[in-house]
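As structure tokens, here come the structures.
Two complexes are shown next, each including chain A; its partner changes from chain B in the first to chain C in the second.
Moving on, here comes the complex of A and B:
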């Protein structure tokens, strides 16, 4: 235990809304209070967005003793985290605002990072405006399950983890449902030493279409395989077809679902519409040593399925080119988990040079502010970077005794 | 006869095809530039494939089957390979068990592949064996130390990373070792009312159960549970029964073992009674 993590009387000051989610997670894990000011202060819509409020509410319901204070305009936030208690035995249903532009992974990533350090198991059902497909900022739920959760497996967080996609939905107005279960709580995560990413031995993927023809899936898969089969034979992409969700006609406005009061059978006299229509593809490359690289593509307006498939395949190849023992999708999770690790233990991961960018630097800066620990980066073999992280021994406060 | 008929049909069809092509070509040439290559190619191919023959010759000739592709027929023809990425499913996927494929689409994260788990351990083992071949005695010593550590792990302080208990816990560990060797529990109080004694025992058991449960949840390996004794006594079958041997056909049947028991004789070269019996059993094998 360091003094920086245990007795920070004054809250850590941050400004603007950038990486708000990451800061909240770090604060919750360490117990350090935050004060974030100037949140979209110059925007036409100042303050926190509905989905950020939703995230705060989710954090509040999974912790005990969290104190949140938001200014009238919503531009200043004081966050004093409580103990991560989880919700063992009492399943939690969290409703996301219907007009949420972020994917379900925006919330799931937070849950995946908090759950190992919870006092009891997590069982959270996300409802409302859940977008299971990839969005411009978030990857799909499939990528989360098949590519990010294996990242946690390298920290030996494996048991009782499930992500059930109960209803698929695409953007912009999602209406899906995802059930997240996490039953593996640890005291301290294992120290990670990964030097060699191995070679890509297989590529798997899921192509999904909601409310559109299944032919889109076949077309995406064909093109993606056409690109990838030249490099590796073991390519298999699953196809998932589902119906679009039927919602009230004025879905997306506040209280639309409550007004409809469950009267959403069929067309209901023109009072309903279909939402979340679209298709996309998630590709995951697995190496011989268990590293995952992932790429996601979702169809833009009037984009051909072939283009989407090709885009995803090329993006995956790009990820593989960048390399590293962890794909860019799981970089922050790995760094945070390493910092949570045994105090004084130095964990090492090898990353591709291009994986270290603006996002990485910003993340490491946040880590330094909240954890008080630094990350050392030095040149490795053939153009890679070796990132060493000293564990801070924060671990699971709810499980002091093994 | 039918052979000849077929041959003629083939020839005529080829010829008629060539005629048709000729018509098309002429029409094309009347509108655009004259074509050179095609004509040459067509004629040359025709020549090679089927040299011009008179009707009589044809009627005499036997049908030789489809011309062999090796004898220059397809020399100039482009080789067409149909490639479809989706159709040539690699064998590894076909071989992959349905379970593996299904596990990818289940709600759980996909299973880590076997090579990821086996590879590092293998290499480690190999290096150990090659690097420093440890003596049997040392291995045994380490094994015993590990057993002791596991047995006393619950006394270790979770905050310090030492592998030996200190202070009060060290005394507790010492006490437990003495007890394991058959010593008396010196810490136990002597005169305690039965109800309280039962309560203490129950609480102890509950505490132990809770500790084991928590450890299991957290994935911690604990020492083996030795509190539950497995009784090696003969099962009481109810009713009456002999204290030695068994009744069969209204006669007391004594096995060799029973006889040895009664006589108190040990096996050849054995020491005490119990020990002797054991040895005897082994020799019998």
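Moving on, here comes the complex of A and C:
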């Protein structure tokens, strides 16, 4: 009676909230159930955060048959992933909690990794507390669009992908809107062999200011160019100026949405305020062989535009110095895509030594737990590391042909 | 500036990666040959000893620190790397560092190399 499909597999056990997002994504891709316990068990605010709930809800609406069980305190999570079905034909609007401290890329990265293995196309509009600028933990939507999507292009995932920033907003209380379209599904991602990063041939960027003077953009750009122009003349940074978002006066306060009970216009007695005011810059260096290095800087409290521009430029130089065929921003995406690849095929990427950090170690350990495959590391030329990943042939369950 | 000591070769890393007795932070510290913070060494030493009460209190303290996100934040779903801005600014204000980087750009003069 028992066939392979209905044999209950014991869930993989994880603890704490660290790398929760990555673990959920890996689980969804492979279909392996997870049990995560001790989520902020000793914290004053135990359990999952609102944005983690929001991520679970997003995963639920893009899959079919996902089973999520959360304990009363929220410190234990059982996650049995369903089939990634996408939502073609029915555009999905996902509302992020108003006080979400994470940038929109927190969700977009997940979408970008799941979409190639979906049964049908993705069309997701992120609304609510969307922060399109960089935060302390996430890079900006501009970097996502210009630097992370090309990473997927090296796996030949290119068609019908679009990220539209409909409304810009900065942190800490965002109110932006981003539309994510992804229409390119693959059966199995191709095996990657990237040995040579090439040399930087151009630098592009986007500087954005929301609700503040456009002069900030000009000042950031000037300083960034001042640092980068000595290396290369082809530096072009776009300038994007937009108004601040007008929101109800109680926006982002805990319980405010529930209090309004659907009557969003009359919230807070009709009083409004501006939110998402700030400015920042995203810089991307492209090499002759298509490798991207990215840096993001966002203005801290009372920080001068010159300092932000300088910071971004210096970070970009550091990324270029660390090197590797994939920038640090796309490292995990590449490793996951390689693991998903043709079974038994060995893919190789060359990384800079300093690109290998705690995040990398924790990442490959999670990959081993979920996929069951290890990565091999050996010394490369002039101080680089060669990481070889054997494909596990998981691929796209929902599609028999590409 | 020799960032990487001789004794720490990549062979070491591939062994360390999947050594579950070490946390990712410890793996990186070992591999890079950095000295572990003293508090960690201390707690390791005392955990073997019989002085359990003091050890107990210490551990809770450490966990609290993790919960505040000080030591834990680093592997908590970040997508932006952490930069030490002071170090970077001083490093990149040196002319030699900037010239070193030039060979990573297409404007570099390949004929003069070596």
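Criterion: the second predicted complex is superposed on the first by the 375 of 402 C-alpha atoms of A that agree within 3 Å, B and C clash if a C-alpha of one lies under 4 Å from a C-alpha of the other, contacts with A are read in each partner's own complex, and residues count from 1 in each chain.
What we mean here is this: contacts are C-beta pairs under 8 Å (C-beta built on N, C-alpha and C of every residue); 3 or more make two chains touch, one makes a residue touch a chain.
Remember, it's a predicted structure, so these values are computed and weren't measured experimentally.
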* Asked: Would chain B and chain C fit next to each other on chain A once aligned, or clash?
  -> fit
* Could you give the angle made at the Cα centre of chain A by the lines to the Cα centres of chain B and chain C, to the nearest 10°? -> 110
* **chain B versus chain C as contact partner of A:370, first or second or both or neither** => neither
* To do: Return first, second, both or neither, reflecting whether A:48 touches chain B, chain C, both chains, or no partner chain.
  => neither
* To do: In the overlay, answer first, second, both or neither for which of chain B and chain C A:362 touches.
  => second
* Return first, second, both or neither, reflecting whether A:141 touches chain B, chain C, both chains, or no partner chain. => neither
* Asked: With both structures placed on chain A, which of the two partners, chain B or chain C, ends up touching more residues of chain A?
  -> C
* To do: Kindly classify A:299 by the partners it touches after superposition: chain B alone (first), chain C alone (second), both, or neither?
  => neither
* In the superposed arrangement, which partner chain does A:288 touch: chain B (first), chain C (second), both, or neither? -> both
* To do: Figure out whether A:131 sits in contact with chain B (first) or chain C (second), or with both, or with neither.
  => neither
* Asked: In the superposed arrangement, which partner chain does A:106 touch: chain B (first), chain C (second), both, or neither?
  -> second
* Which partner does A:225 reach: the first (chain B), the second (chain C), both, or neither? -> first
* To do: Look across chain B and chain C in the superposition and give the shortest C-alpha distance you find, in Å.
  => 13
* Contacts on chain A seen with chain B and repeated with chain C across the two complexes -> 201, 233, 288
* Asked: In their shared complex, at which residues does chain C touch chain A?
  -> 3-4, 9-11, 13-14, 17-18, 20, 24-25, 27-28, 31, 63-64, 67, 72, 74-81, 83, 85, 88-89, 92, 98, 100-108
* **Touching residues (chain side chain A, partner chain B) in the complex** => 145-146, 149-150, 153, 156, 158-159, 161-165, 179, 184-187, 201-202, 204, 206, 221-222, 225-226, 229, 233-236, 238, 240, 286, 288-290, 399-402
* To do: State the interface residues of chain A toward chain C in the complex, per the touch definition above.
  => 16-22, 40, 42-44, 105-106, 109, 134-139, 199-201, 227, 230-233, 288, 296, 310-311, 314-315, 317-318, 320-321, 323, 328-329, 353-354, 356-359, 361-362, 364-365, 368, 374-379, 383, 385
* Structure fact -> Listed in rising order, the residues of chain B that touch chain A in the complex are 85-86, 88, 90, 92-93, 96, 101, 104-105, 107-110, 112-113, 115-116, 119, 158, 214-215, 217-220
